[in-house]
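Before any comments, here is the structure.
Order as written gives the chain letters A, B, C and D; numbering starts at 1 within each chain.
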Amino acid sequence: MAPVTLDELNAAFDADFVLALDGIYEHAPWVAEAAAPHRPYPTVAALHEALMGAVRAQTADEQIAFVRNHPDLAGKAARAGDMAPASVSEQAGLGLDRLSHEEYDRFERLNAAYQQRFGFPFVVCVRRMTRDAVLDTFERRLGNDPAAELATALDEIGYITRLRLVERVDGPGLPPVFGRLSTHVLDTHRGGPAEGVAIALYEVGRSGRARLAEAVTNADGRTDVPLLSGAPLRIGVYELVFQVGEYFSRRGLDLPGQPFLGEVPLRFGISEPEGHYHVPLLVTPWGFSTYRGS
Amino acid sequence: MAPVTLDELNAAFDADFVLALDGIYEHAPWVAEAAAPHRPYPTVAALHEALMGAVRAQTADEQIAFVRNHPDLAGKAARAGDMAPASVSEQAGLGLDRLSHEEYDRFERLNAAYQQRFGFPFVVCVRRMTRDAVLDTFERRLGNDPAAELATALDEIGYITRLRLVERVDGPGLPPVFGRLSTHVLDTHRGGPAEGVAIALYEVGRSGRARLAEAVTNADGRTDVPLLSGAPLRIGVYELVFQVGEYFSRRGLDLPGQPFLGEVPLRFGISEPEGHYHVPLLVTPWGFSTYRGS
Amino acid sequence: MAPVTLDELNAAFDADFVLALDGIYEHAPWVAEAAAPHRPYPTVAALHEALMGAVRAQTADEQIAFVRNHPDLAGKAARAGDMAPASVSEQAGLGLDRLSHEEYDRFERLNAAYQQRFGFPFVVCVRRMTRDAVLDTFERRLGNDPAAELATALDEIGYITRLRLVERVDGPGLPPVFGRLSTHVLDTHRGGPAEGVAIALYEVGRSGRARLAEAVTNADGRTDVPLLSGAPLRIGVYELVFQVGEYFSRRGLDLPGQPFLGEVPLRFGISEPEGHYHVPLLVTPWGFSTYRGS
Amino acid sequence: MAPVTLDELNAAFDADFVLALDGIYEHAPWVAEAAAPHRPYPTVAALHEALMGAVRAQTADEQIAFVRNHPDLAGKAARAGDMAPASVSEQAGLGLDRLSHEEYDRFERLNAAYQQRFGFPFVVCVRRMTRDAVLDTFERRLGNDPAAELATALDEIGYITRLRLVERVDGPGLPPVFGRLSTHVLDTHRGGPAEGVAIALYEVGRSGRARLAEAVTNADGRTDVPLLSGAPLRIGVYELVFQVGEYFSRRGLDLPGQPFLGEVPLRFGISEPEGHYHVPLLVTPWGFSTYRGS
């Protein structure tokens, strides 16, 4: 579907407005219908808030009926996979459409337990989480009380629809949907940026780690493009690995054959999918620091 | 064989001195015979230097004949394993006596190439290296020129016999044969030692990592005993893993569900088997530093 | 007065016990009298707690009468100066007996305001504070309500008498009265302790700074003795100054004529007179870290 | 004199070209005359290199005669002060035109010794140094051998004329003449930029320190404009002072009345007047780091 501009949406007949947003809220044209009369919206973010406001204005029973119209996780994941731009799939490879039989069984059991407890399917914005984080969230949310869980499900629908809206509508004041992960390497042994350091980024999961990106630092000690960008950062655990030993060896320093620092991993968690994570490495052959920077 | 004291060695008849040191230098009673007349030795270290001096005083041909009397690596490793105290095997698990068929074949090929190039077996003090480091050293030493390699072989015999001597002789002035690895965790968020942080130490090899030690920090942010001690530190790559997320969670801080720092690995190399490596962690929920300390 | 042992105090007749402690509590033999029947005390700390317990068991009016028997600050300072061991005066040079006319007037005004507000003289343990800290405390305490201020005055009498008791009585379980300030310098450029770094310690006051100690780091990067010890650390602001530029210049590094780091000051506050402050410097020619260590 | 463009210079008659550059090289129209025939110059930097090339192509005797046409330091400083833009004077306040009688005498003595030794006046680009650095340089250069000193004098004339050329000529490829000093404050206690930290920048000299700039960090932990920019950074010693105690106190942390970190000074040297110095502060209430960043 070709993108539409906010101006066009603001100027459209009600019916066309509703049609243009079809599918963003699943089986729920009434959401767009409720937001139509309050146009014009100054920003896409304001439009999304109005749409969510329509959902939140309903009674709990209506909201439950609305959530019930969502597919359960395995189906949703497949669909999310379909609509995800190539860059997203490449970056974090959630791969819920490639579940092993064992994992599929586990999801099925969780889905069943969740349905029984809450009476509606488990909804989560899978593009904001690693596979492990989805499983952790699933199990944790099973312990919620029903009211808190309904609110959480609506929040997740908010994240899902915000992403869909940004993909569908061009205009000013887009709500934040993309995060960014960057790094830089500072050689505090010589007092300047470290150029030529090979870096790899991994997602760290229970069953191993998967490489998401590779880069080599430029003359400014940075990577030419962010390690992750143009998509939500998936909540989860990551590892940046810096080839520090090779770098200092190229500088010709007199270091032991087995250097103190060779391959330096920095493991860290991401909890803000729309945030900016700057994770630098300050390093000498004999020590290093890192921190969540800005 | 029961330990003997340096005083007893200094006072013994020549023949008894030689007998007491039997087997430290393989098939080479002449080493002890050459050192006997220069007694008394003030320290065990001085005795070892005198023994090595006798070896180094020989011609190159004599030294080659001496090295030839050593078994090749697989045999040597088995023997070293026999004589290694239990703590050593437990701590670093070189396990050259538990080679897979593939690894056995690789060692055989390296042994054959080495014999052909240098005319004597590959000698290395296996108690000072991880298995990966032995393989790296083996391949690197194959590139040495013959004179440099003969000197290296004698250096390794020096390390082997120094360890054997310290196990055989009690007395003042022991030469350094043991290393030490320690850590401490400082919580720079609250300005004091971090108590109760679970720590694991791993040897990191090409085919995976093996846990060598576990500990929990005490009220001083240190471990009650060093992570490694009472043996040479094996040259190789290690990883200390700190359960930082659990620690800060117990402190009750308001942190994200997916914390920025959960499990913090510090990977580092050891190149001085008889050295002291102090590898501390200075940490807040949002960053950390480490360095080779003292 | 010659020191007495705790054993002697525990075994003495009541009258001798009271006599031995004469002057520790000013014009208040009843304090020792109240503690005498509960002997023996297992530790000097327990004895001091019992003495303070006798004070705290009194009514507020009795406590006020007790505090009234103390001299006001200028007099007290002079007296504290008399009894302070030479090391204490040298270390921090509070010098309240060397007040300028202007400062004397200021203390007089504060004393008068305090007397008028609370009905008893301002009592503070001057050996635990720099001159600036005494003035800050004085002004802050003028804002207390009367009950809180009476409690604070008794706390200060506790600090004063604890110091006096430790100087008068030898025995096990001395209460903590001395603090310690130490440092070490780690050269993370070469991965080892920095030897030969000149260090100076200053007290930083409103009207300038005064040098308290000087040292040069030894082969372990530490000072042979702590920078401050054997006395309470005075609450206040300090500066450690490290001659880092000279150190790296001696190492022969190729650095700019005007180095990035020459004289490195670390300014920090002390708030725990009986604590251990370890304030290290981790340094390369291009950066440094410090923290309150342990 | 109104700025001229490089295009205009490239297109001008030789005589107009020489006139347009009059005064950049003192009493030496021949410099511009030698560079005129090689026009057009693609960049202002290339023009300056050609001008200096003409100077360096001369014999040593001609170069000495050329240097002799420069005023000695006190006169030069006054002149430099005249032409310096207001921002420069404000930023570093070299103030050689405001010498005390004592300092004036010292410069006079150095000038006389220098003239006697080298036969030409001491030339230095005063806009690239603090007053202390000028004095240090003066004394150090007195120890040079004559050939090295002549080369140094020409280098300084290169710096002086490069600055004058950039002020006179607009065009592409300006040579670097301005430096930049920036900072940012990262609160690693809460994992984000520290907003609202008051910062002062001082020049540190033998006779005290002078405030050059003040700022408060914004929401990104940075200052809205660089602390120094738009001029060469004067070679010398500086101090950044951060009001860290007030910042953490506003955050409502439970810290001692006398905080460990209140006013944090970072002292550092600048040796590259045209460089970028980024000197950040990573700080918790209990420790901090800094480094020359990028």
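Definition applied: a residue touches a chain if its C-beta (ideal position, glycine included) is under 8 Å from a C-beta of that chain, and two chains touch if they have at least 3 such contacts.
This structure is a prediction, so every number in the text was calculated from the model and none was measured.
Counting hops only between chains that touch, chain A reaches chain D in a minimum of 1. When chain centres are set by their Cα atoms, the one at the greatest distance from chain A is C. Remark: chain A and chain B have CA centroids separated by 46 Å (rounded to whole angstrom). Mean C-alpha position of chain A lies 54 Å from that of chain C. Averaged C-alpha coordinates put the centre of chain B at 47 Å from the centre of chain C.
Chain A has residues 188, 191-192, 260, 282, 284, 286-287, 289, 291-292 in contact with two or more other chains. Within the complex, the chain A residues that touch chain D are 184, 186, 188, 191-193, 220-221, 282, 289, 291-294. Chain C meets chain A in the complex at residues 188-192, 260, 282, 284-287, 289.
By the touch criterion stated above, chain D contacts chain C in their complex at residues 133, 140, 235-237, 245, 256-265, 267-272, 284, 286-292.
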